[in-house]
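First, the structure itself, so that you have it in front of you.
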Amino acid sequence: MSRQTRKPIVGVIMGSESDMEVMNHSREVLKEFDVRHEVRIISAHRTSARMSEYGRLAVSRGLKVIIAGAGGSAHLPGMTAAETILPVLGVAINAKNKPLQAAVASQVEMPGGVPLYYMGENDSGAKNAALGAVRILALRSPHLAETYTEYVAQMAQRVEEADNLLFEIGPEAYIKQMN
Amino acid sequence: MSRQTRKPIVGVIMGSESDMEVMNHSREVLKEFDVRHEVRIISAHRTSARMSEYGRLAVSRGLKVIIAGAGGSAHLPGMTAAETILPVLGVAINAKNKPLQAAVASQVEMPGGVPLYYMGENDSGAKNAALGAVRILALRSPHLAETYTEYVAQMAQRVEEADNLLFEIGPEAYIKQMN
Amino acid sequence: MSRQTRKPIVGVIMGSESDMEVMNHSREVLKEFDVRHEVRIISAHRTSARMSEYGRLAVSRGLKVIIAGAGGSAHLPGMTAAETILPVLGVAINAKNKPLQAAVASQVEMPGGVPLYYMGENDSGAKNAALGAVRILALRSPHLAETYTEYVAQMAQRVEEADNLLFEIGPEAYIKQMN
Amino acid sequence: MSRQTRKPIVGVIMGSESDMEVMNHSREVLKEFDVRHEVRIISAHRTSARMSEYGRLAVSRGLKVIIAGAGGSAHLPGMTAAETILPVLGVAINAKNKPLQAAVASQVEMPGGVPLYYMGENDSGAKNAALGAVRILALRSPHLAETYTEYVAQMAQRVEEADNLLFEIGPEAYIKQMN
Amino acid sequence: MSRQTRKPIVGVIMGSESDMEVMNHSREVLKEFDVRHEVRIISAHRTSARMSEYGRLAVSRGLKVIIAGAGGSAHLPGMTAAETILPVLGVAINAKNKPLQAAVASQVEMPGGVPLYYMGENDSGAKNAALGAVRILALRSPHLAETYTEYVAQMAQRVEEADNLLFEIGPEAYIKQMN
Amino acid sequence: MSRQTRKPIVGVIMGSESDMEVMNHSREVLKEFDVRHEVRIISAHRTSARMSEYGRLAVSRGLKVIIAGAGGSAHLPGMTAAETILPVLGVAINAKNKPLQAAVASQVEMPGGVPLYYMGENDSGAKNAALGAVRILALRSPHLAETYTEYVAQMAQRVEEADNLLFEIGPEAYIKQMN
Amino acid sequence: MSRQTRKPIVGVIMGSESDMEVMNHSREVLKEFDVRHEVRIISAHRTSARMSEYGRLAVSRGLKVIIAGAGGSAHLPGMTAAETILPVLGVAINAKNKPLQAAVASQVEMPGGVPLYYMGENDSGAKNAALGAVRILALRSPHLAETYTEYVAQMAQRVEEADNLLFEIGPEAYIKQMN
Amino acid sequence: MSRQTRKPIVGVIMGSESDMEVMNHSREVLKEFDVRHEVRIISAHRTSARMSEYGRLAVSRGLKVIIAGAGGSAHLPGMTAAETILPVLGVAINAKNKPLQAAVASQVEMPGGVPLYYMGENDSGAKNAALGAVRILALRSPHLAETYTEYVAQMAQRVEEADNLLFEIGPEAYIKQMN
């Protein structure tokens, strides 16, 4: 599928084209779980009206969860959370030579009354934001809950298989076969 | 109501009795929105088996969202997220003379694959965690969505009224009536 | 004068009533320099539409400089800078038990293309933001430039008088008369 | 134009030749907006007398705004602000293996009474410092205000075009054409 | 020896295969001191039941010391310490693009009552964790105490030889022979 | 017992009399577990020869574990670890208006080859250091192992009793009886 | 003696009257060692010309060492070091609600070529700066070297006496007599 | 000259051979100013007795200043300062993958009574430590004072020449000739 989904239930937004590589990790997880989604470039500072509109129309457009990634001063996730009542899941991005810590701080110090769900930074943050969306959607989809449970079991299995192999052949052989 | 709710859909857990004062802000919001909930003291380090069991049984007990507050090394929220597929919303608590930053770091650096939703620290974090639970639950409850929308409108109104009064009487008079 | 100025050229805005005590230091300097100004409570998260409107109308309303103070995630200064082409001078406020560092980070990591002038934190930041507004306005007002030059000379004089007294009576006597 | 402007209204100064690459981003913006400017190497520590003189003569030489970039202990911007009543816009530079944080701290903690406008770090900081100078100069130049408004509109347009393309061809195709 | 030791007295565990390269420094020291040990991959988040079991059975399996390395939120060392009464020596690992500071904070802020011995980060941390295990085991093994004392003497000797050579041939010649 | 133990197996040392209140938490735990110990004031900087001697004679005096607490630059724990082959358990103390972070950094960055076991800061750090000593000593004392196991069970029981009471009477009544 | 010394060899300068309480610790040490000194209030930002002059004339006025204390952006010590070839010993002061870290960073990141001797923060920093001046002056004064050696011996003696008393009466009695 | 100086007045010491490249910057400055010096590798942790002896004998061996560089927990400079009454100038080294901040913290938080002169980090810190030694020695050597004054003048001249060239040929040409 190369076009955007027609009726997305998850919106993945980011402040700049340069965030695309990181936020693609959200997209891949959503695709893996077969969740309808859209990917958008919306800047809080350069296209503030568009950002406001995106947040205000999200519910009526059928969205259930918004994932917002941003770097630098990273106002996008918090400002979007202010424009909608949907859960907005934030991701901090280490972009444009800006310190990551600013993008985190800007997201984890929201005022009481305006919740933002901070999911982590960069690739693993974008991945976990999508898994976070799946957990929320799974609350009303037994099928998604089942698929997610399987996903968790497979993660465990991979670790256990590695440990079993390590136990069997010993660390020296294990390290050799890693390379 | 002085007893715990019989069929809670939100579980508010904390690592120690000393976290109760902070986490009570979650409870108050849930009560204000009339969301059935339970409040529990469960320590990741002192009662690890109980914590595992709480996470593993959460879905079958009918819970939809877990709010977990912890201070210090703050392993409770992340470990609970590892035991369930429900959304686990984390709160960092500045307790016991431990630096808050540790409780934050322990929650915002979860490995890819195990999402934790970090909601903020102390009173405003606990409040926003409960509002975050409400946003998630509102996805399947038009009534809750409506109540939440009203809540947002009232927040705006209070700010606007303050600004209108300030405009009318001027800053000097305004500051006087603040005290 | 207890009412707001009719034709303000400096707008002092803040995200919450609780920021008033700090931002009053801006107001006092502007009053001392006889600069027409208004003081407003406008929340980026609770009244985002009002914030956008304030920024967009600022030029046509005759404002020349905006001073914006905020604590916590502190999106107000940066978002206002995105809505206007006027200089927006930011102040970080240590409010509501939030770490000051977040309010600083949110203001000093603006993306290239959207400048925000960060002036410092709390009381001295609010004071310097107003002095910063005066420096800008003095570029087109020889009278204001003269007043400001006098202000600088008086600051120097106070330090020199203290040093002269200290030299004359010696440190022990000086410390005694301090208390 | 290869020579320095004869009657500059913006002075771009830096503490060392090694800051030139970063501060060139200020110069490029000023050139793009056709603002007369000069670029100078003036060290607070190595040529303190020259620095004092530069600040003291700035007004009489016709300057309106000074942009000062420095790394390490970064005393240049603050000390220049102490020598003039012009707005001095500071930039922190990550130079000479020194931690950037020092250059920021040295600029954002000026004492009450001596305002410094901190604009950000490195390339984007230098760029925003120049845009900050433009915003100040635009207060008295309708032509500059118009050019700047156009600049803002073009930034928005570039983001919207990217988002439109992304919507049209979908994220997978979009990512491909990025590389 | 390529297989795991049959009756290990030190267990070296880590949260992920990607930690192996760092934790191999523990293994090398244990091998050098001829201490029976096992190396295991056990994830606190992905295989929490396996982690609990490993901790609970450690004493009965004959282990005396556990070395636990982890990156990111790094719950493994502290959670293992909660499941056993053996000394658990923690190592922070700078893995997976996560800030090291999180892995440190998660280990050095354990609640009163649940001790974790933090040994340092990355290669030197893993090395010192193994030396820490040797110091503990040497309390009941005169042979190990003697070997360790020799190890310390050799470290001193290497520094003294370097200093003697430096004194003899002078710094310029010394630097030349370093390269 | 008011005199120092005649044949101590744990030495509790600190750099200054002002550290006594914190390090007393180590003493209380050792006393509770009936472990023979001594408490000493030994400064790395003011009595460096005495510190060296204390470390060098520790084994022959019968000590098995040393607990060392220090604030500020906190060289005592690391320097003692360099003078003995016994396990030295470090505690960072927030003393004399010095930042705690320095005392931590000085202890957790020991060079490869010289292990120091960092146990935490202030009261809970001192407590855990003593518990850490108990865990080590329990390796050769079945009686101590049994006592410690009981201690762990009691900690769990206290949390479970609190949770049970909370469940029974509900959070509101619980909070009331807390005060 | 209540007047300033006529022919001072150590100059103690500070940026503001509010730094006097801290810097008085320098004065007390210099008095204790009978070192001729002067105490001055000189602001880098408010009286920059006076500061330059103080530095430039220091040698010819007979000064041998300058101690400079400052808080906030703390440019005074570094700028003074740029104006003289005397050793300038810096002290960071936690004054005026400014973060101490800024005053430290501003002093420890001086550019290569302009040395500043950073001695520590607040009371102990001011005390050590004076002791640092004494160490330098003792290089040419056998009498001062002897006095200083005695001072060091007395510090050791006080610690040893405390330790001896503690050994004799035991920790419980010792703690009692502390209060 | 390839051998060590016979009668050194400055001792340059470092904790490890790996610090040599950084500390060589001290040596080069001392050589440039023709100051007799020695360079030594002395580890606080690996050769603590040697370190103590070096400090205790420094005065009688004719040393006037000690420069001590160290990385990681960096106890060498502070411990050396505890063993001598000479000025000990500290340098923090970013060595062995350890965070520089630890090496700084360990040096700038010395207890009141034991002064350490912290000079900066890495190459510029080592350079400034040597210049700091020169400033101290120049107090009793008119020749050295003169040489140092010339050095300062040359630094100024180089900056002024760069600025003059920049003024003459303009920034574009200047940047070109830089590369």
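To keep things simple, chains are lettered A, B, C, D, E, F, G and H as they appear, and every chain counts its residues starting from 1.
In this section, contacts are C-beta pairs under 8 Å (C-beta built on N, C-alpha and C of every residue); 3 or more make two chains touch, one makes a residue touch a chain.
Predicted, not measured: the structure shown is a model, and the values here were computed from it.
Taking E-F and A-D together, the chain pair joined by more C-beta contacts is E-F. On residue numbers, the D-G interface is repeated by F-H, which shares over half of its contact pairs, out of the options F-H, E-H or E-F. Once the centre of each chain is set as its mean CA position, chain D and chain H turn out to be 35 Å apart.
Distance between chain centres (mean CA atoms), chain B to chain H: 53 Å.
Our note on geometry: chain A versus chain B, Cα centroid distance of 21 Å, whole angstroms. Chain contacts: chain E has residues 16, 43, 46, 72, 96, 98-99, 108-114, 123-124, 155 touching two or more partner chains. Chain contact summary for the complex, chain A toward chain B: residues 59, 64, 85-87, 89, 104, 108-121, 123-124, 127-129, 131-132, 135-136, 138-140, 145, 148-149, 152, 155. For chain G in complex with chain F, the residues that touch the partner chain are 100, 122-124, 155-156, 158-160, 162-163, 166-175, 178. Residues of chain C that touch chain A in their complex: 15-16, 43-46, 48-49, 52, 72-75, 78-79, 81-83, 96, 98-99, 101-103, 105-114.
The touching residues of chain H, when paired with chain E in their complex, are 1-4, 16-17, 20-21, 24, 27, 38-43, 46-47, 50, 72, 96-99.
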